[in-house]
Structure formats: structure tokens, C-alpha cells
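Here's the structure we're looking at; comments come further down.
Chain naming follows the written order as A, B, C, D, E and F, and within any one chain the residues start at number 1.
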Amino acid sequence: MIPRIESGIPGFDELTRPNNGTGGIPENTATLIYGPSKTGKSIFTNQFTYKGLKNDEPCLYITTDNGYKQFKTNMDEFNWPIEKYLDNNTLYLIDTISDVSEGKPKQSESFIQSYINNPTDIMVKVGSGVNYIYKNNHRFRSVLDSATTLLAYNENMLIIRVLKAYLMRVNEAGGTPIIAYTEESADSIVETMLKSMVDNIIRVDGENLYIEAMKGIGKRSSPYQIKDNGIVL
Amino acid sequence: MIPRIESGIPGFDELTRPNNGTGGIPENTATLIYGPSKTGKSIFTNQFTYKGLKNDEPCLYITTDNGYKQFKTNMDEFNWPIEKYLDNNTLYLIDTISDVSEGKPKQSESFIQSYINNPTDIMVKVGSGVNYIYKNNHRFRSVLDSATTLLAYNENMLIIRVLKAYLMRVNEAGGTPIIAYTEESADSIVETMLKSMVDNIIRVDGENLYIEAMKGIGKRSSPYQIKDNGIVL
Amino acid sequence: MIPRIESGIPGFDELTRPNNGTGGIPENTATLIYGPSKTGKSIFTNQFTYKGLKNDEPCLYITTDNGYKQFKTNMDEFNWPIEKYLDNNTLYLIDTISDVSEGKPKQSESFIQSYINNPTDIMVKVGSGVNYIYKNNHRFRSVLDSATTLLAYNENMLIIRVLKAYLMRVNEAGGTPIIAYTEESADSIVETMLKSMVDNIIRVDGENLYIEAMKGIGKRSSPYQIKDNGIVL
Amino acid sequence: MIPRIESGIPGFDELTRPNNGTGGIPENTATLIYGPSKTGKSIFTNQFTYKGLKNDEPCLYITTDNGYKQFKTNMDEFNWPIEKYLDNNTLYLIDTISDVSEGKPKQSESFIQSYINNPTDIMVKVGSGVNYIYKNNHRFRSVLDSATTLLAYNENMLIIRVLKAYLMRVNEAGGTPIIAYTEESADSIVETMLKSMVDNIIRVDGENLYIEAMKGIGKRSSPYQIKDNGIVL
Amino acid sequence: MIPRIESGIPGFDELTRPNNGTGGIPENTATLIYGPSKTGKSIFTNQFTYKGLKNDEPCLYITTDNGYKQFKTNMDEFNWPIEKYLDNNTLYLIDTISDVSEGKPKQSESFIQSYINNPTDIMVKVGSGVNYIYKNNHRFRSVLDSATTLLAYNENMLIIRVLKAYLMRVNEAGGTPIIAYTEESADSIVETMLKSMVDNIIRVDGENLYIEAMKGIGKRSSPYQIKDNGIVL
Amino acid sequence: MIPRIESGIPGFDELTRPNNGTGGIPENTATLIYGPSKTGKSIFTNQFTYKGLKNDEPCLYITTDNGYKQFKTNMDEFNWPIEKYLDNNTLYLIDTISDVSEGKPKQSESFIQSYINNPTDIMVKVGSGVNYIYKNNHRFRSVLDSATTLLAYNENMLIIRVLKAYLMRVNEAGGTPIIAYTEESADSIVETMLKSMVDNIIRVDGENLYIEAMKGIGKRSSPYQIKDNGIVL
């Protein structure tokens, strides 16, 4: 029986409940969430992040689509305040994109700046981040939002290899990683490889959430809506 | 509740009205308007620009399809005179294309020449433009018309990154940017990435205007016509 | 109200008549005529050229498909003699292709040799041609027949940029340019960009002529035939 | 009225007869014959060649698919002996392919060796061949069989330019050239460009011969068979 | 009559039984198992591996998707313990991927580290592995799981050549190799070549297992499920 | 009337019988056999080879898919022993692939090693082989099995040119060559070019054998099976 961690998405843990035991995201496995743009992928990963933080599970968050300021705005929109988790270093944030707009957020022990066009630097800092978190807690979450922007700034197959390394590093340290990806923002071979690297595949299309694959259960689906408290199934 | 700014397009603010509050373009979010050629995308952005100017909101306008002369002709066609806004520096115009035809419009504090084949220079001047406007007014509009010509003169993924930086810079300064793009003037991956970078997506096909995505509301659509006073829904 | 110039094609000016005023090609706008091979695109542009010459409007003609000899043969086939217009310098001919067959037509003030595989040289000579014509007459026509051969001899995106510059140069000097292009002789992105650069789009398929877009009017179409006096709608 | 030359293919001149006058291949125009492999394209061009030789019209023949030995075998198969025409120099043969198999046919005044992978050399020798023939006879035929092999040995757009130059050179000297091409042996853009360079387009599919375009007549078609005396409509 | 070896998959040997004799995987032939991601390809190859080990047939296993730790976890999930086979050197493991996550498993006589992005090193170590096993046992199994990750880290045609060499080396030494591959993780030409290199082709789609080709029998298929003891037909 | 040679495939010579005379493979013409993988293409060419050897016609065999050992196994499977023909030098074997697996078969006068990734070396050795055979016998067979592996190891258009040279060399020496090719293992342009280079085209799909083109007859087809004595129509 694979242990599960609470997703934080109302209805999701019920949808993914196996025949016996509880549902949720299978712990220490890798998940891909993908779908067209504007369907709530980032909301899902943010909701997953906030649930973990509230449960005292640290989170290693790599943001490639939004700088810190916009990330915070997006969290605040759903009333998910993140400052205190940054302050107590349970949210470990690698911001790879603020540099693009020349914004210069102050750095701290758990607030690290990296560069979207420098995957090597990102991997080094992911490595440090995993080590930092791992020292205190062998159960943690990790989010990379999203692969799409990494693909825009770098050669595709290089990013496939970076994401493979990211997933392996987090998994080996006991963490539970999620990658978000905008459907068709790379060629179909990249998408197939992304899917072949993870254990669980979730697709959202604006109306339904599909469990295309998940450790321990078969294919399932449910309608969903985006409400004031995030995604609700 | 996200504040909205008046689009200037008759019928558009009604179409985009959320359940409570007023409609229009959500302030400080990024918008893409796209569709086939000759469907009124530039008219939409020009109408949006002129409305802002009349409302005392400055506008940072990057023109890549038409030089100043043609831009002015296009505005005059709908009786939207722009000279006084250039004179009082509330219209900040970055003209990246006049150089191509060796026309040499005089430069001024708010009338800047750049080069369609030099995205670095464009970004530097966008940066200066944002700073110039931001000093006086934290609420402003910005238009880039259009991504298509930038793509013709430069490598595609480079332009995706330039547009990402453009949107982030304007958003961080409090502005509300719109990008116009001719459908299928780049491969589908570029289009998917463009859509994933913005908050709002508007498509026009010559007969209907579709809100494919917009902060705070669902999908909507309305027929439209191009009349003497611009686009009318 | 945009002024119109006579196309010279029987039936065309009637087809393109707006609600009020006369039809024809909108003056000082850019036109694309395209369609499969052998459908009369060159005949259309030649007919347009000859009409202008007869009306005392000079014409800047860039020939890329046929050398002077074949161009003259094509004109003679429809009884459109051009020698006197070359002699009085109202036909300004840039012959980019005779060089390929090592034919060496004598050059004159208004008969200029250029090279199909040297777009920079073509642009320099277009610049000189525009200046030459502009000194005497601010109303003139210009034809580039065709983009297809330019695309065969040069990198596609370079030609898109050359055509953009060509259209801007002619438009700024007050001229009315037409570009001919064989459908599907470049990838669909090139075609989309060509269409996005012009104001008017005409398609011919051997049986019908379609006004896909034109300043001041909506979509229209008419059957046509190629007769002894050229295209007749 | 465009003069016509006898094709030599039974039924073809009847099929292509205009309203008044006689049918055949329009003199001094360029023709493309294309279709799938094994449908008789080479037989058509050989038949056309032999008819000219019998009518005392010289022929400039560029062979790229078969060396001299196989070319002669193919002609003999239909009882079209060519030796005497080589001897009296009315058949001017440029053999670009025998070199590949290290066969070394003796050269003569009108039997020239060239190299399939050296388009510049081919063009130089086409130039010499045209000059050689032109001195004695301003009416001549020319065949290039086939573009397909040239495309296999060289960059595609280079061959488009070589074929353009070939057609122009022959046409300016008064000759009537035909190019054979195997359908879909290059991408569709190459095919479109081939079609846009010629005046007449003939397609054969093993069952029917289609006149897709020909100076002075509209689209026509006829079934055909390959018999002991060649193609018969 | 080709000898068969037990697959270890309940029902598979029955499905593949020829008219006379026993079923299973034909000995000393090459097999490809492919299908979409998450359909049990790795489970199949692991089951095949464990069956061999239990039957005292050594196995040369090249792991490219999972490092040793994850490989062991995957085997344990189905209660297939592998440690003792590593200890007695009948499981010869080439781990090409642990290096990516900087995990450093200890090496031993039969536990070899290689590098996913260094196909030459992999081939050298495959060579050593085959020699090591061959000294003691001319009947052995070999698994490469999977080609997909090799393709992500290297140029496609290079991997086709590496896989060809891998299959030939194992076959010549008397072994029976299986390659796993995620459908559509490379272009269709790569897939066609993979299929042309092997003797047996098995496809799994999550619901059915298809024998698309196998030495000695025709096409066959059967539904399957993934149970606690692995794949069951 | 083109002479025919016995194919060795029961039923094939009947299928290909022209109106008068006997069937079989037309002598001194080039044949392509193609189709999906695992449909018996190699069996066909091996059967053709063995028939020739039994008829005292030498055979030049270029093996690119299987090394000598596997080639011999494949022949033995159908009881077609080849050793004595290697010993009496009527089977001239160019083994381009054993080198890949580091197997080192002894060389002899008619057993030559070459290298799959060195087409120049292959062509030199084909040249020597043709000369060797030609000295004693102007009637011989030749097989290249298969083009697919050559395409995997080399640039596609280079292989098209190598195959063209191979066919010309064998044909000029009086031989009858066959090339095997796995359908869709290269792009469609390569396939079209392969077809345009040969005289006869045979397709097998596992159930039917289609004569798509053959000198002297039209399209024909027949079901076939793979039996103990090879392919039987």
C-alpha cells in the first residue's frame, strides 16, 4: 500500500481513493499536471503547496512562470498567505524569472534567485534546496511551475534531461514532486517523454480533471470549478 | 474583485462584465488579441489606446507593423488624433519600423526610434519607457502591435522571451499590456506559449469576437463590425 | 473616403465599388494577388501596369520571373506595347532575372539590371527607382512579379523583410504597390505574413477572382476569363 | 496564335488542338511532365526527342537518370535508333550520370560528359550546347530527364534555380524545353515552384494523361497506353 | 523448432504456444515491447528478469529509466527480491542513470555504473557484461529498460545503431534480449527501425497485449491486468 | 521480349508471366522489394539468391542487417545451405555488419568484410565484387538486404546516391539486382526516389504480394504464405 498525502483540493482525495485506504497524491512519486492554458494548473499546484505548508510539510517551489511578486499575488487571490512560511524557511522558493524583469527581490536562506536560461544553475540550486529541506524533514513536497517556460528559454531535450534529474533528486530524498506543463507548448515527443518520466498524470481541460494514470488506481475523472478557495471537484 | 479599465470599444465592457462590478479589461493583467489578418486587431488596440489617452491614462505604444506616418494615418481614419498626446508626452511611442523605409521621424522625449531586428534595443527602450511613464502615473496602458512582425525579423523563441520580459516589466510597474498577433504567423508551439504567458485571450475572426479567457469571467462571445468609430460589438 | 485608381481590368472596378464613390484599387495601399500557378496573376499585374502607363501614371516594375525579353513578349501577347514608356522613362523596370540566362539587355535611365539572389541590391535599386519616379509624380504604381522566385533564390524570412521594406518605401512615397505570389510556393507561415503585410488581398484560382480583403469594402468575388485583352470579369 | 510543334505521341496533337490551328507542344514554351514513377514520363520525352530528330530539328538532351548505354537501350526498346543523330550532331547529349558507374563513354563534339553532383558544370555545358545548336538552327527541342535525380544529388533550392536558368537559356535561344519529374520526389514547395516556372504542365498517372495547363488551351485529358511504338492516347 | 524460454508472465507462454511444442519467448531472438506510458512495459521486463534468475539463468540488465534504488523499489513492489542475485553475480546490472541524481551506489563485480549520455561507455560495459556472463553460462537473458530515455539523452540515429549493436552482441553470445520503448517518444522512422531490428514485437496498451510478430507463430492477443504478482494475461 | 530468370519462389514466375513467354524476374533490370517489417522481404531475397546458386548463377550479396552468422542461420532455417557456394566462390558475400558486434569472420576471396557506416568502402567492394564475378559469368544475381540499415547509419540522400550507383554498376555488368527496404523507415521522398530508380517494384504486407510495377507486365497480386520452404504464393 502506497501512502498518500493530502492534495488540499476539495474532492480530489475522494476521487483518487483506492479500494482500501485513503486517497490523495501517492507519497514519494512524481506527478505531471497538464492541459491547455488558463485551465487552473498553477492553481492546483499552489493549492497543493499551501496544503503542505499548513500541514508542516516543507515545500521546494521552483517558479519559472511568475516572479515572486506575481506568485504572491496569485496566492493572495485565493487567500493563501505565504510570507510566514518563507520567514520560517519551510517554503524554499527558487525564483528563476524575476531576473527577467530586472526586479531584484532580496534573497534569504530559503529564497533563492536563479535564471530561467541557465538550467545548470537551476539544478545546482535545486540540489542545495533538496539538501536544505532534507536535513530537517524527509517528507516534503516540491513544485515546478512550469516546464513550459523552461522549454521557451532552452533546448527541449536539455529540459527533458533537467526535469528527469529534478524528479530523481527529489524522489531519492523522499519528496513528492509535481510538474505543471501547458499542453502542446512543445512537440508531441517532448510530451510523451514528460509522461514517461512520471508516475501520475493529471490532465485538466477547464471542465474536467482526468486521472490518466496514478500509482494504485485506474483512470478516473471528475468535473471541477475554480472557486474562491481554488479548484473544487 | 479585480478592477477593470474601460476598453473604449462600444459593447466590450458590457460583454465582459462579471456577475458583480463593471466590465472592461482587467487592470494590471496581460491580454493577447489574435486572429487572421484583416480582422481589426490593430483597430482594437488603437481604440484601446485612444480611450486611455482621453481618460488621462498614459500609453506606452510599441509599433512594429507601421511606422509613425502610417500609424497616424490609421488613427486619423477613425478620427482619433494623437499629436497632442505625443506633445504632452502621455503617448510614449517606440517606433521600431520606420527605420526600415529610411524614413527618419524626428525623435522627442516620448517618441523613440528603435529597430525591429534588434530586440535588445527594443527591450532597453521599453525599460526606459516604463520608467518614464511610471514616474508620473502608476496606472497606464501599453500596446505592442504586433508580435507577428517581430517574429518575421527574429528567431521565434527569442521573441517569446522578449514578449515575456515585456509583459513582466509592464505588469510590475502597474500597467496593463496588450499584444496583437496574427494567427498562424508562427508555428503552433509559439501560439501556445503566447497564450500561456497572458491572463486574457481575445480572438477576432472578422465576424465574432471571442473572450477565450479572462480573469474573473468565463468564455463569452459577440458579433462585431468595423464602423466609422472603430470596432463595435 | 479612400481614393481609387483604375485597375484596367474590365469588371474589376465595378466589383470593388464601395457603397458610395468609385471602385478600383485603393490608392496608396498595398495589394497581394495570389493563387495557383497558371491562373493569370501576371496578366493581372501587367494589365494594371499598362492601364497606369496609358493614364500617365508612372510604374516601378520589378520583374523576377521573366527577363525583359519574356516580359515584353508577355505584354505583346495582349497588345500592350511598352517600348515607348521605357523610352519616355515612365516605365521604370528593374530586371532581376535576365542575368541568370546571361542575356545582357542594355541599361538606361529607367531600365536597371539587378540580381535575383542579391536582395540588398534589389532594395537599393528600388530605393533609387522610387526617388526617380517621386521627383516627377507623387502618384505612381508599382508591381513586383513575383515573390515566388525571390523565395526560391533566398532565405524565406529575409524575403518577407525585403517585401515589407518594399511596401513601406512605395507607400511612403505615395505609390500603390502590388505583389504577385504563387500559392503554396512557401510554407503557410510565409503566406500568413505576406497577407498580414498588405491592405488588400486578391485570390485567383483560374475560375473566380476573390476579394478576400480590401480597404473600404467586404469580401466579394466574380468569375473571370482570360481573353485577348487580358483578364475580364 | 502560338505555333505548335509535333509531339510525336499519337493522339496528343489532336488532344491539344486549339479552336483554330493545329495542336502539339507550343513552340518556344517550357513544359513540365510529371507523375508517379513507372508511368511513362521518360518514354514521353524520348518519343518527343525522336520525333524532332526525324523532323530535322536538333535536340539538346540532358540525361540524369540513365547513362548513355541505358538511354540507348530505352530508345531501342521502342525502335528509336539514335546513333546516326549523334553522328551527325543533331542529337546533342549531355550525360551526367555514366560517371557514377565508372562507365566512360567516349566523348565527341555532341556527346558531352558532365556530373550529376556538379550543377555548375551542367549549366556550363548546357550553355555550350545551346550555343552549338543555335548556330545552325533556331528551332530546336530540349529534354531534361529528370529533375528527380538532380534533386537527389543536390540541395533542392539550388536545383530549382538551375532549372530556372536552363529554361530561360533554352527559351531565349528559341528552343522548346521539357523537364520530367517524379511526383513527390521532393517536398510540395519544390513541386509548386517547378509548376510556376513552366508554361505547360502535363501529368501522367499510368492510366490518364492530363493537360493541367497549356498556352492557348484549357484543361484536357485522355486515357493512354504504353505500346510497342511508345505512348498512345 | 525454435526453443522457448519461460516468460514468467502467467498466461503468456500459453498465448504464444506454437502448433507443437511449448510457448514463451523464442530463445536467442530479439524482442521489442512497446506501448504508451504507464501500461506495464517495465513490469513485463522485470517479471521476465526475475523468472530467469529463479531458473538459474543469469540476466544482463541495463537500466536507463530508474537508478538502482528505484529499480529495487519497483521489484520489491511485486515481491521480487533481487539482492541475492546481485550478490551471487547472476544479476549483472548496468546502472546508467543513478549518476544523474548524484546518487553513488557502490560498484561490484556485477554492479556497474555507466552514463546515460555516453553510449560508447554503455556499449563497452555491455561488452564486458556479455563476456562476464558468457564465461559461465551460454543461456542468459538481457533487458534494456528503456530505449526512451536513451533517446532523450542522445541523437536518435546514434541510439538506433547502439541498440542494433546491443542486440547483435547479446544474440551472438547466445542470450535473449528484450528492449522496452515508450510508443511515440521518437519519430515514426525510429519506431519503424526499432521494429525492423528485432524478431518479436509485443505491444501493450493498458488493456490488451498484442503479439504483433514472433518467430514461429502469427499475430495473437490477449487482455491483461496488473496484479500483485505482476502482469497476468 | 525481355528474358526472365527464375525467382525460386513457388508461384511467383506464374504470377509474373507475360502474355507470351515465361515469367520470373526480368533479367538485367533492377527490383525493389518493400513492405512493413516481419513480412518476409529477406526470405524472398534469400530464396532468390539460393535459386540462382543452384542454377549455377553466381550471386553478389551485400548483407547490412545480419552478420554472416545470422545470415547463415536464416538460410539454414529454410534448409538452404550456402557454405559450398562460398567455398566455390559463386556466392560473393560483402558483410558490412559483423564488425558492429566485433565478430571477426575470416575473410576469403569471395567473403569480404566492409563497414555499414562507410558507404565509400562498400561501393569500392561492390565494384571489386562485380569485376570478380563478371570475369567468369555475365549472368549473375545481386541482393542488397537491406537499404533500411544503411539509412540508419548514414545520411539519407547519400544512400540514395549509393544505391543508384550500385544498381547502375550491376546493371552495366549484366547482373540482376534486388534491394530490400522496410516501408516507412525513411521519409516519403526517400521512398519515392527508391521507386524511381528501379524497374520493378514488389510490395509484401504479410498477406499479399503485389507487383506494383514490372517490365513487360501490368499490376498483379497474389496471397502468399511463409512455409518451411520459404515464401509460397
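We adopt the following convention: a contact is a pair of C-beta atoms (placed from the backbone, for glycine too) under 8 Å apart; a residue touches a chain by one contact, two chains touch by 3 or more.
Computed from a predicted structure; not experimentally measured.
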item: Intersection of the contact lists for subunit E and subunit F; value: none
item: Fewest touching-chain hops separating subunit B from subunit D; value: 2
item: Angle (degrees, nearest 5) of the CA superposition of subunit A onto subunit B; value: 60
item: Most remote chain, CA-based centroid, reference being subunit B; value: F
item: Per Cα centroids, the chain farthest from subunit C; value: E
item: Averaged-CA centre spacing for the pair subunit E and subunit D, given as whole angstrom; value: 56
item: Length of the line joining the C-alpha centres of subunit C and subunit E, rounded to whole Å; value: 64
item: For subunit C paired with subunit D, centre-to-centre distance based on mean C-alpha positions, whole Å; value: 32
item: Sequence positions of subunit A contacting 2 or more other chains; value: none
item: Graph class of chain-chain contacts, one of line, ring, star, complete, other; value: ring
item: Ordered ring members, subunit B first, subunit C second; value: B, C, D, F, E, A
item: In the complex, subunit E residues that touch subunit A; value: 37-38, 65, 67, 69-70, 97, 100-103, 117, 146, 148-149, 152-153, 182-187
item: Footprint of subunit C on subunit D - complex, ascending; value: 127, 157, 160-161, 164-165, 168-169, 171-172, 188-189, 192-193, 195-196, 201, 212-213
